[in-house]
Structure formats: structure tokens, C-alpha cells
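Next up is a structure, given as C-alpha cells.
Labels for the chains are A, B, C and D, by order of writing; each one numbers its residues from 1.
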Amino acid sequence: MTDDLGELSARLREFVRVREWEQFHTPKNLAMALAGEAGELLAEFQWLTAAESQNPDPETLARIRAEIADVTLYLLRLADVLSIDLIEVATTKLEENNRRYDPANYRGSARKAPPAHPQI
Amino acid sequence: MTDDLGELSARLREFVRVREWEQFHTPKNLAMALAGEAGELLAEFQWLTAAESQNPDPETLARIRAEIADVTLYLLRLADVLSIDLIEVATTKLEENNRRYDPANYRGSARKAPPAHPQI
Amino acid sequence: MTDDLGELSARLREFVRVREWEQFHTPKNLAMALAGEAGELLAEFQWLTAAESQNPDPETLARIRAEIADVTLYLLRLADVLSIDLIEVATTKLEENNRRYDPANYRGSARKAPPAHPQI
Amino acid sequence: MTDDLGELSARLREFVRVREWEQFHTPKNLAMALAGEAGELLAEFQWLTAAESQNPDPETLARIRAEIADVTLYLLRLADVLSIDLIEVATTKLEENNRRYDPANYRGSARKAPPAHPQI
């Protein structure tokens, strides 16, 4: 295993190429596939309590891992076809959020202070 | 910028910690946040044709980059709280799909051969 | 106000017609819009506890009502362009589920008995 | 078959009651289930062209009908537990949109005029 997103993205590109699936992989279609997989991941958690979701049983955890893998693969593929560097855009966003959400104002509160839904 | 998912994940963990937001970050809630962001990404593409989605105008592309960043951050955070290695699970899944979808049978077809919805 | 889905669907069709938006309303695009709105609805609940979600404050409830309205409108519109009768398909599905999930086996359990995710 | 949403909602409530599933049906969990089903619906369309989505083959159409049924059932159930009248909120929203999107300004355009994503 490697912590190399770029290498995984290249392997994925090759996987798609040998199957001639590039024709289906427009950004629009990949955004749909990503959202569809995010929906399947959601379904794994929908009837769990908060506490149960922190300690899923082994079968549920195996399905969660598989769904997280699918989300990751489609996210990587979408970024690849749009020439977006995932680490770069995520780092930029995290830095913006660091400035935007002053810990002094947002500490411990996801609900009382605006915005209602603090973003990571 | 760095191609280091682990480092970004650690910075994100610290961002959450100083705001005392861990209490909100159950796997269940993070899966919801991830799916919500995937929905916002989807909305950027919903009225675009396939061709337009491959060449979004600069304003649309900027919003797409921001939504992809949000999806990435929540995915990283969810993986972190569940102690899942994104690269590892995605690599394993890609290898499984490599065996599962024989190029001889699936070449060029997303629809005619089973399954109806080939996974990456 | 009326309990008439058909009438609302007809008004929606006219709303779309006078704006010449039929060209954007392919089933594919409407399914995206529906999922995007479902994602916005999700975001309203993501940081709420189970108990809080049962008693949202007035501002949150107003946003939830608006998101539920958006989901309803896109669902009606999608059904309309595909000539699907929502009440008919939902009634059929509920009858199937009535047969499929024997109360004797599924009572009180969303998790212990298969399937893991009972459908309504 | 009947065009009676209220009756279907009552039958659904009874379906849930005899299985003692009310405990799982918090608004939060139902919003997740709704979004999950919207994701499954999305998956039916993800590799179809716009034209193909307007004319799905019989097997695909059958699956689309089933997914639309699931979305409808969860939407009805969520509205029921929050005491929201679907027709009322959707009618109100459509009237607002009628005022908000002047046909003179928005005719034929989903993209060139603000907002980028006109709502139904």
C-alpha cells in the first residue's frame, strides 16, 4: 500500500481505458455516480444510532469500507477528468475555513451560532 | 501543496479539535455531510449537457472545485474517525473490479452487458 | 389548498412551459435535481441529534418545509415527464413490502433480522 | 388506485406501526433514507444519455418506477412525522417561484441568467 493518490488515479485511468469506458465518464455522469455511492454509504448508517455508528459490527463495517472505497474512486476519477488536484483544492478550502470559523465564536457549537451548518 | 493525504487528515483533525466539533462528528453525521456535499456538487452539473460539463465556464468551475474540496474534506474526516485508510480500501476495490469486469466482456458497454451499472 | 396531486402536477407543467424549460427537464436532469434537493434536506438534519430532529426550532422547520417542497416538486415533475402515477407506484410498492416484511419476523428490528435496511 | 395522498400516508403509518418501526423513524433517519433512495434513482440514470433517459428500456423503467415509489414512500413518511402537508408546502413554493422567476427574464435559460440553477 502507498499513500500515493496520483498513482491510484493513474491506475484507475488505465482501468477505464482498457474497458473503453471514457465515453461514459463525463464530469456530469461521474458526479452522478459519486452522489449515488454517497447515497449507498448513507444507507449503511440510516437506522444506526449515533453510538452504533461509532462501533459498527464487522459485517456493517465491511460494507462501509466498500462504499467509502467506491466514493473515493469516483471522486478521484471526477477530479482526474476535470484536471483538479484533490489535495490542493481541499487544502485551500481548509485554510479558508480556518479563517472563516474563528474558534472563539464557533467553539462547541454547530447550531447556536451562524452558520447553522459549519463546514469542515 | 503536498500529495500527502495523511498530513491533510491530521490538519483537519486539529481544525475540528480546536473548535470542539468532535461531538458532532459521528460517522453517521459525517456520512450525511458527505452526501449533502455530493448533492451540492450534483447541482452544479444538473442543467449542463454532457459536453458543457466537460468544459464548464470559469465561475462554474470555481464552484465545482469548492464542492469537490468539501466532499474530499468530509470523506477524509469520515475515514479518519472510522480509522479507514482511503488509499488502501480504494486500491483493494479497484483490484476487485479489475478481476470482476473482464475487459473482453465489458469493453465499451455500460448498458448492454450486465451489470447495468459497472462500477469503477 | 387541495389534496390534488394531479392538479399540482398540471400547474407545475404550465410553470415550466411558459419559461420554456422543458428542454432542461430530461428524466436524467430531473433525477439529479431531485437528489440535489434531497441533499439540501439532509443538510438541515446533519448536526441534529435524533431528539432535536423531532423538534426542530421554527427557523430550521421553515427551511425543512421549503426543502421538502422542492423535493416534492421535482418528484412530481420527474413522474410527469415519465408518465408515472406516483400514487399508483407507491401503493404497489407498499403492498409488496407488506407481503415481504412479515411483522412476525421484523417487529421492532431494523438491524437484527435481514435485510439490514428494511424498506418502508 | 386513488389520488389520495392522505389515505396512502395513513396506510404507511399503519404498516410502520404493526412492525414497531416508529422508533427508527426519526425525521433525521427518514431524511437519510429519502436521500439514499434518491441516490439509487440517480444510479439508474447515470450512464444514460439525455435521449436514452427519455426512453428507458422496459427493465430500466421498471427499476425507475420502483425507486420513484421508494422516494415517494419515504417523503410521505417524513412529512407525516413532521406534520407537514406535502401539497400545501409544494403549492406555496410553486407560487413563490412563479413570482420569483419572471418568464420575461428566465425564458429558455437555465444557465445564462442568474440564478445558475433555477428551481422549479
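Quick note on the criterion: a residue touches a chain if its C-beta (ideal position, glycine included) is under 8 Å from a C-beta of that chain, and two chains touch if they have at least 3 such contacts.
Values in this document were obtained by computation on a predicted structure and should not be read as measured data.
Visitor: When the contacting C-beta pairs are counted for A-D and for B-D, which pair yields the higher total?
Guide: If we tally the C-beta pairs in contact for A-D and B-D, the bigger total goes to A-D.
Visitor: Roughly how far is subunit B from subunit D, going centre to centre by Cα mean, in whole Å?
Guide: Taking the average C-alpha coordinate of subunit B and of subunit D, the gap between them is 24 Å.
Visitor: Per the centroid of Cα atoms for each chain, what is the distance between subunit C and subunit D, given in Å?
Guide: 3
Visitor: Mind pulling the subunit D residues that touch 2 or more other chains?
Guide: Residues 24, 29, 32-33, 35, 38-39, 42-50, 110, 118.
Visitor: Examine which chains touch each other and state the graph shape they make (line, ring, star, complete, other).
Guide: Complete.
Visitor: In their complex, what parts of subunit D are in touch with subunit A?
Guide: Those in contact with subunit A are residues 24, 29, 32-33, 35-40, 42-43, 45-47.
Visitor: Can you check the complex and tell me which residues of subunit A touch subunit B?
Guide: Its residues touching subunit B are 1-6, 8, 11-12, 15-16, 18-21, 23-24, 26-29, 31-35, 38-39, 41-42, 44-45, 48-51, 53-54, 56, 61, 64-66, 68-79, 81-82, 84-94, 97-98, 101, 103, 106-108, 110, 118-120.
Visitor: Using the touch definition up top, name the residues of subunit C that touch subunit A in the complex.
Guide: It comes out as residues 32, 35, 39, 42-44, 46-50, 52, 60, 110-111, 116-118.
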